[in-house]
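Multiple structures are listed underneath, in structure tokens.
Each of the two complexes below includes chain A, the first together with chain B, the second together with chain C.
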Partner chain A sequence: MPWDLVIFYMLAGVCILAAGGVVAASNPVHSAIFLVICFFNVAGVFVMMGAEFLAVIQVIVYTGAIMVLILFVLMLVDPENLPEFHQGRPVQRAVGVLLGIILLLEVSVAILNRQVIGVKGNATAQAIDAVGGNTQALGRVLYSDYLFAFEVVSLVLTVGVIGAIVLALPERLGLKTLPRRGTISLGHGKGIDAEAIAMGPVEEMPMQPVAKDVIPKATGGRRLVMVKDPDEHTGAK
Partner chain B sequence: MGELGVEHFLFLSAALFIIGMMGVLIRRNLLIIFMCVEMMVTAANISLVAFGWENDSLDGQAFVLFAVAVAAAEAAVGLAIILALSRRVHSVDVDEFNTLKD
Partner chain C sequence: MNVLLVGMAYMTYYERKVLAAMQDRMGPTRTGPHGLLQPIADGIKLLGKEDLIPKAADKPVFFFAPLIVFVTAICSVAVIPFGNQITVFGEDIQLTIASLNVGALFLLAFSSIGVYGIILGAWASANRYSLLGGLRSAAQVVSYEIILGLSLVGIFMLSGSLNLGDIVHEQQRALEIGPFSISNWYILSQPLAFVLFMIAAVAETNRAPFDLPEAETELVSGFHTEYSAFRFSFYFLGEYIAMIVISLFASTLFLGGTDGPGSDHFGLGILWLLLKTVLFLFFYIWLRATLPRFRYDQLMGIAWKVLLPLALLNIVVTAAVRLATN
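Up next is the complex of A and B:
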């Protein structure tokens, strides 16, 4: 058995096992790690086909950017909201496996009886070596034949970024940015001042800071500091 | 198949695609369904590169580069939608998203 075939079977075997792990793992974080393993092996398969640039892109974009994004969202979702995998739904799982096996048989027949052979291109190994390598050759193709598509892709990425920001914003952002008004009391452990709360917010009359040597009885002997704005006390302004 | 041919890569691509499809059909967690969709996109990329490798062409690799860029944009928008949905419904279970039905 030639060596390239051995390496291919190793890469493909680990890749398919990891892909099965993505589907079978009950913990979503384990699924994400299985997916990283799967994508690394796909990058190895790309190298076997002479697509070194795409192998690097696969690692950077998929296992780097997209997986980090998925893990971030996984952390932002409350774990109590994650549905359980191993419960019920035998019909759904049986239908899924059955459809998968049927599709695999169909695709196998199609691959083994393949008749259509494409027209040979001019990017032979010698031609790619003459340009300087896979990256240089792909760059020449991208910036000549696919220049317009390249620009359109940059537009798609820009729109995608803007859309992601708009969609991920909290729905009622305006309520969060209102200025804070009220009292804080440093004399109490949790910063709650019962007397000031009972008095309610005072809009017109600005609250006066209590003099240092006067200790009201309501605070239980501790000094009460009343400010209109929380930042006023810390001197942040 | 004693020699490394395009059929090997096509079978790997088919296997990855079908495992991803089974994941989409079986699982109910929206994030895992999303990962399986990414896996199916990668399977299609393997097929494109394999056909280009068979025919000494770089067009397949150029297509895969565009597909990866679109998949990155799709991931950003899709995950933002999942985040907004989980904030509103407090779940990422696809069976919970039945507002139109009720």
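Up next is the complex of A and C:
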């Protein structure tokens, strides 16, 4: 029994079903969960191809970090604010389905008539084992031949992170930051507390006396009884 | 795996006894001799409780979320080297379930997946406080995962391999310090990485002093608020298994794993590994008993502003030293 093939079909099958689930799920969080399942199976396929390092990195980076952050955003979205599913005029929907089918046919024709041209690389199984495994092979190539590309990619990522932070700074959004008090911060140090900021810095806030009718009487009109003896108003006496 | 499950159950007992001793009291003493049957009693109680599911909860996700935490923690044990090879009844058995050449990263990968258990459980509970607690916890775990990974880069540089079996072998070589010849444990050559790893490990498993998402919001709720009975126990025990797994991982990486006198000839390696793991677990419980917990913004601030630069510094220094001595 060719176990390799069975396992590959299982992995690929679940992956495709999960990918279908991403598109078909009505709840975005369910879509994200299906995508995670899909990525996990792709990592399995990587392992089958002998690229274990890539598989583990796929799980750590893509599934374990990027999807978690995407889920953060998706979970904070109110389901009622999402666009309606299956919306649109019937003509639009029919054209959409037609285009999808045409694309599927094109891709199938391309796959079935493929010819592999090009030179096989020198990363044969023996060459990889000679340097000690796929991690070492990747490391050798990445840090020697492709070092420049590696550095450029890290620079791009750094710029992205800095850009995101700069875009979200409170000063940028037009709000003043509160001056930090010397005491325990209530978490509003640089926070977006619109009313407090509109009132100005801390020292200038005047004490406003509260009008008597603003705070309702706590008792609501009931008679307040101060009881000193627990048995006084029960039936135990 | 059976050993792990029993170990996890008795880890709860160990924790209660040690916490009690540190707090000058006795801990469980009534159930069984010296309270040894307490985890069994807890298990029976948890199994017998009513399983409540909130009406607005998302049932499939609610069902699977605690399982993710539990299963990924147990799967991570597959790469820990418990020894080399033993012959039982004429058959050679490898004492490492899966000697992967990316073993250390495999463990990190599975702990990354464990985050999903928290975040999906929080969302599926249909409870705003759960969601916020879960998001906080997930953000904490993701931040400290980075530090966990970076603190290990120094070790990977020194050992030249990600395979945990190879790392243990490298540590069994002798290191000469003056007239003494001791094993080359990485705690000696990477002390900063060890400290960073321990801090990150405690934060990864949401343990004190980093348990704000579990404890403070627990006063209101927390990501496991809507989980009762056995589902809650999945989260709870999943956390303990994660603690045990990270302690095993730390003993393998920094304290030489199965290294110790008698490990070659008498096969006492696994005993040494367990001893070191118990030491780390004691350290975990000690931290819980002693330190007050961090506020959430302090916690995240420490991760990104203090520990991350230190981890990078560790990598640079290790690389420089290795370059200079070769």
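Heads up, the rule we're going with is that the second predicted complex is superposed on the first by the 147 of 237 C-alpha atoms of A that agree within 3 Å, B and C clash if a C-alpha of one lies under 4 Å from a C-alpha of the other, contacts with A are read in each partner's own complex, and residues count from 1 in each chain.
Keep this in mind: contacts are C-beta pairs under 8 Å (C-beta built on N, C-alpha and C of every residue); 3 or more make two chains touch, one makes a residue touch a chain.
Since this is a predicted model, take the numbers as computed values, not measurements.
A.B. asks: Considering only the touch criterion stated at the top, classify A:33 as touching first (chain B), second (chain C), both, or neither.
C.D. replies: Once the two structures are laid over each other on A, A:33 reaches chain C alone.
A.B. asks: Just chain B (first), just chain C (second), both, or neither: which does A:65 touch?
C.D. replies: Touch partners of A:65: chain B and chain C.
A.B. asks: Per the contact definition in the header, classify A:149: touching chain B only (first), chain C only (second), both, or neither.
C.D. replies: The answer is first: A:149 touches chain B but not chain C.
A.B. asks: Quick one: is A:118 in contact with chain B, with chain C, with both, or with neither? Answer first, second, both or neither.
C.D. replies: A:118 sits against chain B, while chain C stays out of touch.
A.B. asks: Return the chain, chain B or chain C, that is in touch with more residues of chain A.
C.D. replies: B
A.B. asks: Quick check for you: in the superposed arrangement, does A:159 touch first (chain B), second (chain C), both or neither?
C.D. replies: So A:159 only meets chain B here.
A.B. asks: Per the contact definition in the header, classify A:57: touching chain B only (first), chain C only (second), both, or neither.
C.D. replies: Both partners.
A.B. asks: Touch test for A:12: chain B only (first), chain C only (second), both, or neither?
C.D. replies: first
A.B. asks: After the superposition on A, what does A:107 contact: first (chain B), second (chain C), both or neither?
C.D. replies: First partner only.
A.B. asks: What part of chain A is shared between its chain B contacts and its chain C contacts?
C.D. replies: 53, 57, 65, 69, 72, 76, 134
A.B. asks: Applying the document's contact rule, which stretches of chain B touch chain A when the two form their complex?
C.D. replies: 2-4, 7-12, 14-16, 18-23, 25-29, 31-32, 34-36, 38-39, 42, 45-46, 49-59, 61-62, 64-66, 68-77, 79-84, 86-88, 90-93, 95
A.B. asks: Under the definition above, what is the set of chain A residues touching chain C in their complex?
C.D. replies: 27, 29-30, 33, 36, 40, 52-53, 55-57, 59-60, 63-65, 68-69, 71-72, 75-76, 132-135, 185, 187
A.B. asks: Which of the residues in chain A end up touching chain B in this complex?
C.D. replies: The contact residues of chain A facing chain B are 1-2, 4-5, 8, 12, 15-16, 19-20, 22-23, 28, 31-32, 35, 38-39, 42, 45-46, 48-51, 53-54, 57-58, 61-62, 65-66, 69-70, 72-74, 76-78, 81-83, 85, 89, 92-93, 95-97, 99-100, 103-104, 107-108, 111-112, 114, 118-124, 134, 137-138, 141-142, 145-146, 149-150, 153, 156-157, 159-161, 163-168, 170-171.
A.B. asks: Which bits of chain C are touching chain A when the two form their complex?
C.D. replies: 58, 61, 100-102, 105-106, 108-110, 112-113, 115-116, 119-120, 122-123, 131, 135, 138-139, 142, 145, 149, 161-162, 297
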